[in-house]
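In what follows, subunit A forms one complex with subunit B and a second complex with subunit C.
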Partner chain A sequence: MANDDENKKTVQALISGELPWAEMKDLMSGTKDPERFRVVRSILQSMVPFPEKILLPLTPHLFIVQKQSERIVKCDCGYEFGDYRTNWKYFSRVRVRDSEESLKSLYHPDQGVDPQWMELREFYCPGCFRLLETEAVPPGYPVVFDFQPDLDSFYRIWLKEPLD
Partner chain B sequence: MAQTVPRILAIDAGGTMTDTFVVDEAGAFTIGKAQTTPNNEAEGLLRSFDDALHYWNIDRTSAAPHLGAVVYSGTSMLNRLLERRGDGPIGVIVTAGMEDYFRMERAVQTYAGYPFSDRLHVVTHVHNEPLVPRRYVKGVRERISFFGEEVVPLYDNEVRSAVHSLLQMGARAICINFLYSYRDPRHESEAMAIAQDVLREQGSDIPIYLSSRSNPVRGDLARLNTLVVEVYAARPSRQQLFNIRDRLKEEGSSAPVRVLASYGGTVSPDVEWLVTTLISGPIGGILGARRLADTYQFENVVCTDVGGTSFDVGLITERELLTRTEPTVARFLLTLPTLAMDSIGAGTGTLVRIDPAVKRVTLGPDSAGYRLGVCYEPGGVSVPSITDCDLVLGYINPDYFLGGEVKVDRDRALAAIDEQIARPLGSDPFSAAEGVVRLLETQMRDHLYGMVLGLGYSPENYRLLGYGGGGPLHVAGYTQGLEFQDILVPSWAAAFSAFGGACADYAYRYDRSIDLLITTDAGAREMVAQSLNLAWQDLHDRIADEFLRDGLNPDGMSFVPSVRMQYMGMLDDIEVRAVWPMDAGEGLTDLVKRFDTLFAKIFARSARSPEAGYFVTKAIGVGILPTEKPVLPAFAVGDAKADPSADKGRRQLFWRGEWHTARLWEMEKLRSGNEIIGPAVIEAPATTLLVPPGHTALLDQYRVFHLMNG
Partner chain C sequence: MADMTEMSLKDRLEESVKRYQQTGHYQGITRLELKETEPFRYEKVYSELRGALVSARETALHISASPIVRNIGELCFAFYTPEGDSVAVSTGIITHVHTMSEAIKFMIRQGYETNPGIKEGDIFCNNDPDLGNVHTTDVHTIIPIFWEGQLMGWAGGVAHQVDIGASTPGHDPVATANRFEDGFYVTAEKIGENHEVRKDFKIRAQRSVRTPLYWDLDEKCRIAGIYMVRDAVHRIIREEGFSYFQQFMLEAVEEGRQIFMARIQERLVPGIYQTASFMDAPYKGKAWHPEQNHDFMMHAPMTITIDAEGHFKLDMDGASGPGPFPFNASEGSMQGALWVQITQTLVYDGKVNDGSYLAAQHYFPPGSWCNPGNALLAYGTPWAYLIPAFTGMFRLLSRGYFARGYREEIVSGYGFTGDPTQGGGTLSNGAYFPVSNFELCAVGLGARGTMDGLDAAYAMWNPEADMGDAEVWETVESGLLYLSRRFKPDTAGYGRFRGGSGWESLRLVHGVKDLQLYSWREGRVFHGGAGLFGGYPGATGYRLFVKNTKFYEMVAQHQPYPLGDPDPAARELDTGLGGDCFVSRDALILPQPFQSGDVWLSLFSGGPGYGDPLERPAEDVVRDAEGNFYLPKTVERVFGVALGVDDQGQFSVQPDETDRLRRDILAEREKMSVPYQEFWERERQKILQKQLIEPVKRMYQESMTLSPQWSEKFKSFWSLPKTFAFELDNL
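Up next is the complex of A and B:
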């Protein structure tokens, strides 16, 4: 890119949610910058308090990081959820809203869901108690495993820098 | 030499430059240019007028009293809307339940104006910031049905309280738009009467606007948008226009000032609905083209306008211009009859980059606009533009840009192209620059070829006219390989839009939705004929009132009645001339025949589908008063060989991968009959005509160049 600093500033603003709409639209409609992932990764790395290398962001607070020979899911508070191939939600604190009473605090009476048909599951970090993810599913539905990336292929084929 | 007597002053006030086109009694013309002065347009206009007159060695005060016609077109109104610098707050009263028009925008406005790739790319869709905040939109209970019947009466008290609170909130105008008010305006009229009562009680005199009055046509969001844009963007321009009129009067002119409207007529600045003049710039070009087509007796003409940011194409097919009634302007659907032009975002200012992923040239979508490109250092542009490429290739004279008034730096352009385009491609800067220009021209060619083919014609059926700032420079390129009958470049290409404005009629137009089905049933036909006649009578009277207000006698007006029609079940209606009064027998049969023929011309014969009947969507009336227009003088055709005084020397230019030594000519000094053999460049202060190797440019009796290949 013509100006690396400018580019980094833009991505920084994008991550912090401060990028004006017009510039965000340009980013979305423009050509794909092959360096974009590396820039995003390095900005995120500078924002977390731990030294392990971020391999991939999962949510605004969760990252897959390289810890010695392991690849684990880690919260930006430092809490570790374990191997990324296992659903991190199993190791989180869960609150299920499956009653009229519990749903009422979120929805207007006319607009809420019917707990017979759907429930809300909120997943919290045991370290910092932040809400990390919410799923809306029919009662009894298995816990959703949102995303299991193929990290080796991604790094080897797309970024052309294979992970060891 | 006898003193020149200027008769017509035509103005095209663009975002950056104000062009003037001044015509004398004999039809001779001169072109002026000056920077646009948005805060007081009259200033830039007068400077541009001075610039034009200096070629004739006369001054403004001796010229102005001779003027018989002044026509203005400009982009200030549109820019006010684009830049959100309009008037407000505006209060809006709608049918209860419909208060969220501006937040929902029928969804289509969230991707209006997007290229196809972004339309598919849903995350890029975004709602417009409403011109009217939600709290200024009040719903009142009432309902007129599609058939014009009252289903729910108007709740008077709700109108009263809506007006009360809008006044309290500081509304400076009130717009009223009810569902199906185009069918029956009684609820809007009743609401207006109630609102006026409240205003009187409160001692307020803010204006009230009715959609059934401004534009009684189907499509409630577009109708409301148009009403709001009238208050927001158009009304503030009225003062500017009055100001222009006053300034010219001070200079001694007694000519009425008229403004070009999007449907191709011109109107007084006193016109009831000024929003009809929202789009005027590109309209001028197509009217100028029609004038040339009439002069030369051409049936089919492709009009191509290369500007700084866009390439606009319009078609004249069998002498007909296409009018659209619901254009999208600045991301708003509007009910404004507008001469059809199709644009792509490619012009001389278009910025050029290399896609880092696939190592290919990408053009735009952004443009350097008035900042030209890297070659113009004060503009501060760091990415090369098409103008930079043209300069590097030797097509543009760096010392004669706008007659030498703007200094451009060829070395800066060359360095930027080398660094940002050529090296990433592993090429030399000249081949790279030429590749870019050919790519742009290919996009333009595909665009216009697609439009011609889409009508079931081929280029062999058309003549092509190239104008605008960049038209003469690129027309040889974008017509390459297309066998048009002829390629014409008027020597006044740079002010062609202003010229076109001067060719427009003094005309008011009104549309009205009627939605009637023509079948073989005699009773239904009787009703269609009756409704049309009533509608035309009403339109006729309204137009006559406009002329009366302008201080003119409407008796001399010619009234052109027409309808918009479609095959029942189809989506696009087209405009067909009609006869007034209309009778239910022969008259309607003739109308249907004319529609069948026109449909076949505009779309395709095979797409006709009369089985389900004919649907008349609108009645339209245009009232025209005669006005003075430029005549195209015919000069004596002389020698093919140009006078030596026109010879400006030679310059190297790069074409098809090779350097050529091109002859340079001063356009002003060429005479009718002269034949310029390429490689050559013909220069005028505001125009550069490129005659590539193997091409010849012949200047005809009207001072129009014909560009021939071989």
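Up next is the complex of A and C:
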């Protein structure tokens, strides 16, 4: 039990970004704990303000959750983005920095991009306006679907755990 | 299974490929018998072999090597099976471990066993990118290793040359447009017999490059190293027995494959991971060749698919086309880059060999920039396209690590190891000196999932990143002195965790009769797509130099002079040295003449960030400002942190003002953003209203022409007519 508590404390510090380097190095160099996914999922579940079961963390703010019979992407602020098999960016708010004026608050023109060659897209959560992802692409580039997990195979074959 | 030792090498290679295809295991080995029965003996032999390779590298570079090799260790050694699969590797530029494998397999497939023959004492050399290399500047020396008359393996060494005799001096040419300007080509050639390099080859090689002494030193270095490897292999065979060692080699490769497969299931999540990277090649108005006189843009889409069984496939379908520039990358160079990335992330503590390469399926589209299949193209600087392309791979795998909970493994990409100052000149005493700088081997690493990225300490192609000593570079580049080396503010990608910082070098041209300099880096685009989870990309580069300065007068009058370009908005180099300051967003520059007193700035990239910058603890941001990683105004605008400054110049956080700034930035996000559908319609109009510039249109059209699937995806995403195509000026 003490080891479990210790492990949980370490993983909590890992998630919060407060784990000291020496312990981090041990985690990198050591054998991976096969239970890490379940430990992390349990910690994250205790941190979010909603009751739906977390199936998979996607980003520091987005989770795939089980909501009744649906599996949706949900922000930790409670905003729901829809079915996880559809790119969550389609339900986001988008700011496109495609002019010298909009780019210069982030980068001096010498150190930023030429907006004719490339634009910077910022995808926000419509609920809390956290910055969830950025895309640096030429104008007219299709929006990237960063990650579409195969949840069924992951749970049933890899974790050997039912996906309810 | 049949005994392969009686077969010809060509048949052995074909049989090895067949066995892998039929069984999914290297050489059909499903059980690691040696490891299972005597694990300590097995690991001891592997450690001895690995130790011999590392030792060969560390020793050889001190026996004989050019300064570029000795200063930052731009070399590596590897040991291969008779069929050319790497078993163990040294440290160093291990991206070449797989490229040498391709070169060995080329020789086997071409029937070298018959003509020109492969016998004990033979020495082979290769630097042809079209059959297993990155660029001509990386030179392989390879020997077959025999035991009691039987070929039992190969040892190979590669070192990066100061100069390869390209049409312009240096190691990464930019002005070239075809193979015939790439410099000295050695296409898998037998260059020696009876353990001695032929004199006629030595003469030819040394007369083909601008720095014959360095060629000679590096060749001796490679030969010293590979013979140390051979001797170590012989010693292990004497201790363990030949049949044991033969079986050991095969099991070690298969174990490398098994480790890779196990790591995927241990650390990732099955699914489809996607990203895209870009690079600018602005040649219009600069090119020396009419066909090169255009602006080009590289497209590197990357999809990694992990299936339910844990199979890994990397696919670059949709990549744009090759061109009349030296940034084309052969398939072998892409395979080498894929392998070196795998060794730094999934299997860094496993058996690092071609087992993991075999397990990583890949598709580099034929006819694209990353697999042109055309030996006549220029391949002098494929790094300019290859490095951006693979930064996305770290990010893709990191999404899997994040989902799985292994946040300590996350890396959001890397800085661009670009802006190698290059050229050559003559000192006032008439002596030639090369400019072939390699301090770029230490850029910023992308932010981790748990901490900031490493500052000025990463190179994607050499896990032992090192910028080298300024004094050593000055010894080689004796007409180009250092005025400063310092961190460059605002180069690290913003985020909850920031990217590793980039840095800058300021150089003075001194004591020369003549000198030409050139360089390349990204300038108009972010090279690596973006950061991760809301992190921003690191800054782009730019080109700055000052000619006809009053530097010597200022020194004589004991006046202070600028030491860099920390804040382009408050630039001192443009007026502080007098003279004519050239500044361009195009970091790419073709060779230009310089004279004593001129000043040249080099800029080295920072890594991308991780997470929303508004979530970075204010105390960390204060440290960023104190360390010159960010300018105070950037801290306020991007991170929303209000800084106070005391009498001693020490920064502190103003908590109330910081809260207000961060609330304001959140409010600005709401005000300046639009719902996705509105964004989609606006973006679509950019295409329909033909607002795109020529290089962007050309890039899209190349991708659409090379890949009907990517074309369909593009048109479908924007609901464009099936007949849609971009109108281009004639190329």
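As a working rule, the second predicted complex is superposed on the first by the 161 of 164 C-alpha atoms of A that agree within 3 Å, B and C clash if a C-alpha of one lies under 4 Å from a C-alpha of the other, contacts with A are read in each partner's own complex, and residues count from 1 in each chain.
Heads up, the rule we're going with is that a residue touches a chain if its C-beta (ideal position, glycine included) is under 8 Å from a C-beta of that chain, and two chains touch if they have at least 3 such contacts.
Computed from a predicted structure; not experimentally measured.
After superposition onto subunit A, partners subunit B and subunit C are found to clash with each other.
Of the two partner chains, both subunit B and subunit C are touched by A:Pro34. Residue contacts after overlaying the shared chain place A:Ser92 against subunit C, while subunit B stays out of touching range. Judged by the touch definition given at the top, the superposed model places A:Trp21 against both subunit B and subunit C.
Ranking subunit B and subunit C by residues of subunit A touched puts C first. By the document's definition of touching, neither partner reaches A:Cys77: not subunit B, not subunit C. Touched by subunit B in one complex and by subunit C in the other are residues 21, 28-29, 32, 34 of subunit A.
Of all the residues in subunit B, the ones that touch subunit A in their complex are 115, 117-118, 121, 123-124, 126, 353, 355-357, 362, 365, 382-383, 420. Contact residues on subunit A toward subunit C in their complex (touch as defined above): 11, 14-15, 17, 19, 21, 24, 27-29, 32, 34, 36-37, 39-41, 56-61, 89-96, 102, 105-114, 116-118, 120-122, 124, 126, 129-150, 153-154, 157-158. Within the complex formed with subunit A, the subunit C residues making contact are 265-267, 269-276, 278, 280, 297, 306-308, 310, 349, 396, 399-400, 402-409, 450-451, 490-491, 494, 496-497, 523-526, 528-531, 533-537, 539-542, 567-569, 583, 585, 611-615, 637-638, 666, 669-670, 672-676, 679-680, 682-684, 686-687, 691-693, 695-696, 699-700, 713-714, 717-718. Within the complex, the subunit A residues that touch subunit B are 1-2, 21, 25, 28-29, 31-34.
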